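Below: the structure, in structure tokens.
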Amino acid sequence: MTASSAAGARRRWRQPSVLPGFGLTFGLSLGWLTLIVLIPLATIFLKSAGMGWDQFVAVGLSDRALAAYRLSFGTAAAAGLVNALFGLLVAWVLVRYTFPGQKIIGAIVDLPFALPTAVAGIALTALYSPNGWVGRFLDPLGIKVAFTPIGITVALVFIGLPFVVRSVEPVLADLGNDVEEAAATLGATRLQTFSRVIFPAIAPALLTGFALAFARGVGEYGSVIFISGNMPGRTEIAPLLIVTQLEQYNYDGATAIATVMMLVSFAILLALNVVQAAGRHRYGA
Amino acid sequence: MRRSTTESRALQIILIAVALLFLAFFLALPLVAVFGEALKAGFGPFLDAVTAPDALSAIKLTLLIAAISVPLNVVFGVAASWAITKFKFPGKSLLISLIDLPFSVSPVVSGLIFVLLFGANGWFGTWLAEHDLKIIFAVPGIVLATVFITFPFVARELIPLMMEQGKDEEEAAISLGATGWQTFRHVTLPNIRWGLLYGVLLCNARAMGEFGAVSVVSGHIRGETNTMPLHVEILYNEYDFVGAFAVASLLAGLALVTLVAKTVLEWRFNLHGSARH
Amino acid sequence: MIRVQNVTKTFGDFAALHGIDLEIKPGEFVALLGPSGSGKTTLLRIIAGLEFQDGGEVLFDGEDVSSRSVGERQVGFVFQQYALFKHMTVAENVAFGLSVRRKGRPPKADIRARAEELLRLVQLDGLGKRYPGQLSGGQRQRVALARALAIEPRLLLLDEPFGALDAKVRKDLRRWLRGLHETMGLTSIFVTHDQEEALELADRIVVMDHGRIEQVGTPEQVYMEPASPFVSNFVGETNQLPGGIHVRPHDIDLVASGGIPVVVDNVFRRGGSWRVEGRIEGHDRVVEFDVNAASPAPTLGDTVRIQPLRERQFHKRRL
């Protein structure tokens, strides 16, 4: 490692360090990132840009595509909300209470991360189809889950749950008992303490968890296509529409839909980030 | 440990019960359903399904894909984490966001981009055809899509861990005369080995289980480009439910092994007192 | 002989060091004393080779080591949080520097013997098989020291060596380190923000503030003849009287007439004296001074007259 004068130019960009290997590791990671992620992703936008506007609109904003976006974003949002509620509950119970089997429950929360999506898809279909394990009890009540948007939401709840639990859990665990005790000494009820002290502290993490679950839900494919029924205009999700276009060798159409999906996803994630950054700024955390 | 600020035991029990019921319905039941459906017709049909030639070749291909893509992402993940956590440079948070990018891209889109690049009508399609190279509808395409999908896993586990550990120990090693490689080998690696293993586990689970991206690039050629998850789909669509669930149960078994290993690792982390998560 | 010549360092827009000049003689025990942000740790890390100066030179025995890596400089560095290798035993930690040598690596048995010898030196014999996590703070500190000494450094550098310890251990360890320095005679520099520590341990103190050296001198000089208002304030307690006069609380006497009238606000016992807090009549300025506890305590609200015994006057700083 040569010091002061030798690497003047590079030094101005990054702060010098005695640890070696920056050039190698940074170069390797940036090169690999560019090759595997950035260039391939750029092709989507380049191809979209190369398409005429009319052509883009014809598939990308067709009625069928619009219905698919509505379905994908709608069910992902619904599942995200369910997960925000129950994910918070699960995290709370795991962090705050003790009960037998807690460790196992804590481990099983990660199941959706580990279970291949196609496996989850066929399993959920086996449960919720009209003659399935659960579906046969719901069917006589007139409740249809499989092959409806409810089924899609169920699949997305499965996929998204760990995102919320794992985002909220550490924040809840780090939240010192002292603020709650302070609230209690000041005469707050338990509910007031929760809504005015605890909830604001964990809200950013909850929002992060929601955003992650939502983003995953919008793009989810494997766990949904089995349970959704795939009826165009009704239960056809946007990722499936891309696959359909591809199978018809309509690459432009597939690209247009992918572009719209990605732009909307990024816009929503960006908005959520802005909300969070504003919150951070305000609380100085 | 009872705290002065907590809910009554009755409310606690209600909340625990609701949480457990939710988890039972949404997580445990699907898992049980996989094994239940797989063994519905008994053990014989199950065994037939998982030892069928197409199933075996799907298993082989899945193992091959994981064996190629996981090591690639381990090398990348370790290199990226070293650069990001041990040095100060502008643009670091942008780099971290870019590494996370594949998480926010639909798996189907992840497959699509490689079709656009290397497919018959893709940018390099003609050139590849002229040189008799096949990427899409062949193993290289599946590897590419899998590497893309699992790209962030190892780095994501290591970056927070190494950030927290700081660089004091590495500086101490260097000040005692160790080389860069000796420092990494004797000081950094022992400190990150469990986190690294954890990342490898998650990366591997995803690599073996990826469906959407692989489905787009594979072409579903039986016995050639069918991975296990794709094979599950084919069997399912052919109404061979026992077969589909039998192969699915192997994947579910992999998921369970991953979860157990992960739990054991977390237990070890706590044992050594190094904080995580 | 260690020489630092006109060393400058900036982090982004923040100037950490402005042209530092310093000479350290062989065998000296020197303290870099200053508040946080004064640049003392940066200077120590630059001498070690853990950080690189933007300008100026660092010379070891007349040789410019600026282009030498930390490993080549052969300095023993004790980190503030010790930076012990958690996964290695105490003995392995101490032996690390020798076992990673590429040329002239001693045989295994010699390394082991050397580690044991060092552990004896730092009074940790018998603990070689433990892990750092199983030791107390004071013990860890000594392991870090033994590890640094194992490479037979030409210079020992310690970053806030007692910062992470509680008061009692800190005091014992301080005395012990002073003794160790006296027996080994190794040139040593340590960083501290604790003036008491610097006064007790060091042969010479380098007082730093805002990236500049304010004063270099023996503890006696720094305390009795502070070169600037900053030093006077930072090292020991000081009262600022009107007219830019600085005086220490124990350098004030009560007088019957003349002197400065002070209204007594508070009196409490501190060791063998009364510590009196009061206000100068007609000013808001607070003064603290000590009165021998053998005499009765001044009454609250009374006006007493004080006379500085030793004072220093500082004029506007030349910059």
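The letters A, B and C name the chains in turn, as written, and every chain counts its residues from 1.
Heads up, the rule we're going with is that a residue touches a chain if its C-beta (ideal position, glycine included) is under 8 Å from a C-beta of that chain, and two chains touch if they have at least 3 such contacts.
The shown structure was predicted, so the numbers you read here are calculated from the model rather than taken from an experiment.
Enquirer: Among the chains here, which has the CA centroid at the largest distance from chain B's centroid?
Expert: Measuring from the centre of chain B, the most distant chain centre belongs to C.
Enquirer: Give the chain pair, either B-C or A-C, that is connected by more C-beta contacts.
Expert: Between the two chain pairs, B-C has more contacting C-beta pairs.
Enquirer: Which whole number of Å gives the spacing of the CA centres of chain A and chain B?
Expert: Centres of chain A and chain B (C-alpha means) sit 16 Å apart.
Enquirer: For chain B and chain C, let me know how many angstrom lie between their CA-based centres, rounded off.
Expert: Roughly 51 Å separates the two chain centres.
Enquirer: By the touch rule stated above, which residues of chain A touch at least two different other chains?
Expert: 15, 18
Enquirer: Please output the residue numbers of chain B that touch at least 2 other chains, ranges allowed.
Expert: Within chain B, the residues that touch at least two other chains are 171, 174-175, 179.
Enquirer: So which stretches of chain C touch two or more other chains?
Expert: 49-50, 69-70
Enquirer: For a test of understanding, state which residues of chain A touch chain C in their complex under the given definition.
Expert: By the definition above, chain A touches chain C via 1-6, 11, 15-16, 18.
Enquirer: Taking the touch rule as given, give the residues of chain A at its contact with chain B in the complex, in rising order.
Expert: 13-15, 17-22, 24-26, 28-30, 32-33, 36-41, 43-44, 47, 86, 89-90, 92-94, 96-97, 99, 103, 105-120, 122-124, 126-127, 133-134, 154, 157-158, 161, 166, 169-170, 177, 180-181, 183-184, 190, 193, 212, 215-216, 218-222, 226, 238-240, 242-243, 246, 249, 251, 254-255, 258, 261-262, 265-266, 269
Enquirer: Can you tell me which positions in chain C touch chain A when the two form their complex?
Expert: 11, 49-53, 66-70
Enquirer: Where on chain B does chain C make contact in their complex?
Expert: Interface residues on chain B, with respect to chain C: 168-169, 171-179, 182, 186-187, 190-191, 272-274.
Enquirer: Sort out for me which residues of chain C touch chain B in the complex.
Expert: Contacts found on chain C: 48-50, 69-71, 74-77, 79, 81, 83-88, 96-97, 100-102, 133, 147-148, 150-151.
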